[in-house]
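Notes follow once the structure below has been shown.
Just so it is clear, A, B, C and D label the chains in written order, and each chain counts residues from 1 on its own.
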Amino acid sequence: MSRRVSRQEFDTLFDAVRAWGRWEEAPDRGAWNRVTDEHVRRAVSLVRSGTVVPMGRPWDTVSGPDNARPALHYMSGLGDVEAPEPATHKDFLGADYHGKAVSHLDALSHIAYRGRLYDGGAARELVGAAGARFGGVSALGPLVTRGVLLDLPAVRGLPWLEPGEAAGPADLAAAEAALGARIGEGDAVLVRVGRYRRRAELGPWDADAACAGLHVDAVPLLAEHGIALLGGDGDSDVRPSPVEGVHSPVHALAIAAMGVPLLDNLDLEELSAACAAAGRHTFLLVVAPLNIPGGTGSPVNPVAVL
Amino acid sequence: MSRRVSRQEFDTLFDAVRAWGRWEEAPDRGAWNRVTDEHVRRAVSLVRSGTVVPMGRPWDTVSGPDNARPALHYMSGLGDVEAPEPATHKDFLGADYHGKAVSHLDALSHIAYRGRLYDGGAARELVGAAGARFGGVSALGPLVTRGVLLDLPAVRGLPWLEPGEAAGPADLAAAEAALGARIGEGDAVLVRVGRYRRRAELGPWDADAACAGLHVDAVPLLAEHGIALLGGDGDSDVRPSPVEGVHSPVHALAIAAMGVPLLDNLDLEELSAACAAAGRHTFLLVVAPLNIPGGTGSPVNPVAVL
Amino acid sequence: MSRRVSRQEFDTLFDAVRAWGRWEEAPDRGAWNRVTDEHVRRAVSLVRSGTVVPMGRPWDTVSGPDNARPALHYMSGLGDVEAPEPATHKDFLGADYHGKAVSHLDALSHIAYRGRLYDGGAARELVGAAGARFGGVSALGPLVTRGVLLDLPAVRGLPWLEPGEAAGPADLAAAEAALGARIGEGDAVLVRVGRYRRRAELGPWDADAACAGLHVDAVPLLAEHGIALLGGDGDSDVRPSPVEGVHSPVHALAIAAMGVPLLDNLDLEELSAACAAAGRHTFLLVVAPLNIPGGTGSPVNPVAVL
Amino acid sequence: MSRRVSRQEFDTLFDAVRAWGRWEEAPDRGAWNRVTDEHVRRAVSLVRSGTVVPMGRPWDTVSGPDNARPALHYMSGLGDVEAPEPATHKDFLGADYHGKAVSHLDALSHIAYRGRLYDGGAARELVGAAGARFGGVSALGPLVTRGVLLDLPAVRGLPWLEPGEAAGPADLAAAEAALGARIGEGDAVLVRVGRYRRRAELGPWDADAACAGLHVDAVPLLAEHGIALLGGDGDSDVRPSPVEGVHSPVHALAIAAMGVPLLDNLDLEELSAACAAAGRHTFLLVVAPLNIPGGTGSPVNPVAVL
């Protein structure tokens, strides 16, 4: 059972990690401003084998306990709609991609705490039916940086962490030590809890009700390290939430306080195996969200190159 | 006016560049099989400045002469649908993305010629309402390789090629020479005709009716070089088509004969400027299609790193 | 437990009720051809009180055991997208409406048996990605006729029939007798099993796996009566199917053999109460499907006027 | 050229026809409260021939000058997705139906003037991403009442009114007189300007920029008559708007002031011919919107029975 956190304590934490006003030129990009061309070059220099590992889950059109709003995939042409030669096969894709099923990026407009987006703007003024006027995913653009995989079950010699299990700062530090992967400024930190291995073996469950993930106590460490991106095979938040009256406290801290976008629902199984085989847990990471003006995020298929 | 090509001549060309049966282990990946880990390492080694350049056009929800089926973007939550704290802003995205408006990748199932997909399977048996059982975009996965920008207007000192203008093998060779960019095996070739500069200056037009692009005569050169991917700011095909009775002959040759996926509707303006500034037209390219089982392609935001 | 029916027996039944070639002028309309202007006038003459009763279920956007593909409803404008004064609020609706959740009409193109649509055309030739070239819902148009409610639980003094319970010809005849409602030519027969009362009291269940409905033995009686439309609060078929190797045998008989469209997932609770209060189970029925060229059906909100 | 109306004059008119607070039991239904069971019985008694006339335009998936957001229609099953026997053909429908292309009903939540919905509630509080909490289309339910066709071109012996032509109170009175159709309390008034005949003969045009319709001067007459519904083959408003700073003044008056829902984009050509043939312009009208909780309207296929 993870430590309970009062609302007052959470608000103190929120203020402590808050980085509003920090990047005046491009506040929409938040912590992605940390990634300079030099970070890109250093990330690129990590490549050894040239192994390419994707993390995007299959587009899931079947509803289930962890897929309440299944994605859409319809064939709009089967060679019988348009003039032939060549015959063209076409499809329509649709998704209400936030949730527990689609691998996606959360842009800074996705979350507001106490009515405020990252950098302090009023959500009600900045986000409407036409999309977000601050913190849209187009403002983020692509991210190329060093990725660090904190493979929590691997460190503990377990196949996965059980739903509800919370990882705190000691767990992150232990993973860094065990995996030889020190988090640095501008890094993208990917936390594996083994969700999709468990799902493959035991079947899907309601990951909104119970999922392993980070306790808010782990967030100051990430803030100190100056990360640019946080992601995982869950949605970063341990569920149920340990914070009184806040359903997704890591979302609130990372996105709204720190300006750190999140990657949710990544399939990290292949990456876990590849890192173990390579004996290292840092790599070149490329995240290329779709260019959606005013979008609160984007489905993505992040790529690691080892 | 580009050289007219008879159907018979086209069929001879189709057979000449056909690479069916070539990659038996993973035929769905077609020419992406050419890209080995060594290609990845060499592509990565090209990075100098660390400049990151995206090519995805803005998600275009407004219909127009080059956007007959506008993409969808609706807000599914504005902090008023789910429990607050934090407030969550969510959106639905949808697109019948093939066409002239969305930056996208064509997988091998997108095109059939004379009823046959790449590698010879019958389209009618392999593609149905449930998607493609051969040549789906999930089979392709991400591509990391060397990108080569053939910036045709830059070579000629023009802002753009006019709609209908066709580029042949001499144009490609001249671009290689002028830009110092030799196409090699496993490369991704991006052909710029300046479509989006023209669109920005003169407004949109029906790019299905007239667009600068490749003449089929240019395809054998690309086949000889053993490219892995072909793309551009049009859809590679010059329009109107110079081939009798074939509306998209480069699509047919690249995808159905050679197993080379295509990238359509890329915004190459920023890349053109970045390459000119850097004085080189080769770079690390990362294309990360969404993981759509049975999908005929995917919206993408390809990324160049210089 | 309902009587098991062999495939051979079913095929004999199919041939016995088959009405192919019967309406040569407008075969797409199938049994709706039975409804003449005189039927309309007679249906209209049934109106006594003027009570209007709708049967359309609420658009259900929440996935669940009986809603695997939830309908979509997104606000596309909240007064902040278009010029103000007046402010306009707009919404997007979407549905893969066949299934167990949306009240809808099945047109004749919805079902093929042994590869044949109603009237004998080959489904593979007539239905493609562009829609149906025979039996589309636009060909049906609206239906105004006499509706007959066969309220099976009311006849038996039960709140509902249990999932899996099958109604045969004796049940229909008993209902006619008890309710004083004789089925006649051109009538729309609505069979209530009490599904939505059960759902309201006990919660949703997988109605595809188990639902009360008609046994195929009941179909010849309906064929003899010359009905124009069949509907209910289930989807007419008892589930699981009593017919070997045929998952929806009443669909096959009604639609593909007899040319009788179906109404699925109607909420008949209010109508049941209104008919009981009025002491009669016949009424003016109006079904107005959306005009979808090539559509296999339409979401509808059928209206009874008592 | 239609008479210009100042904003001040419009506001005076708004107040003059405002019927806020009038129907306290069911304010969401607005003027539909006028239609009692007796109105239904009288409407039903109008039926003579039994001719059924639909008014819904074909679902239009092709973008064009009067269809900026084309409707979606994709086949989700072609007998190859689900278990066979019978084979099932299924489709997905989608539409951002407000606009100029889909025949639809505007519910009371569709329009706010000076921030207020019908009956005075604040739009910003009552309409959000989860839909409308006041004035949703589900609250309206179906309407069965007397329809009156004011066939303006027929009265003038013209095929259609030209785009931009405004009809005032004298035009409506002249139509009533010429057609022998007196508007009464609870009636649904359908105004034909011949839009779809013109479209069929001359092709589509931007009906948002110019369309024949009602001048605001005609609204007091409709208010005095106590109508329940207003509709037409345009969207009731003459365009361009004659009112300074108000783009859709008839929408504002009918919906927000009077609580009268609107029917837009009806194809009235067949009804015009049927009424002319029958020698009368009143009939039984049935409008059955889909049951969309919180929806601002619904695609519909209204039905007249003569």
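Simple rule for what comes next: contacts are C-beta pairs under 8 Å (C-beta built on N, C-alpha and C of every residue); 3 or more make two chains touch, one makes a residue touch a chain.
Since the model is a prediction, treat every value here as computed from it, not as a measurement.
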Original post:
Comparing B-D against C-D, which pair counts more contacting C-beta pairs?
Top reply: C-D
**OP:** Determine whether chain A and chain B, two copies of the same sequence, contact each other through the same residue numbers or different ones, counting it as same when over half of the numbers at the interface appear on both sides.
**Re:** same
Original post:
Centre to centre, by mean C-alpha position, how many angstrom separate chain A and chain D?
Top reply: 46
Original post:
Centre to centre, by mean C-alpha position, how many angstrom separate chain C and chain D?
Top reply: 28
Subject >> chain B and chain D: spacing of chain centres that average the CA atoms, whole Å >> reply: 45
Original post:
Taking each residue of chain A in turn, which ones touch at least two of the other chains?
Top reply: 72, 74-79, 92, 94, 96, 128-129
Original post:
Quick one: in the complex, what on chain D touches chain B?
Top reply: 62-63, 67-70, 72, 75-81, 94, 96, 128-130
Original post:
What residues of chain A sit close enough to touch chain B in their complex?
Top reply: 36-41, 44, 47-52, 54, 56-59, 72-79, 83, 85-98, 103, 109-115, 123-124, 127-129, 131-132, 138, 141-142, 144, 245-248, 251-252, 255-256, 284, 286, 288-303, 305
Original post:
Can you list the residues on chain D that touch chain A in the complex?
Top reply: 72, 74-76, 78, 92, 129
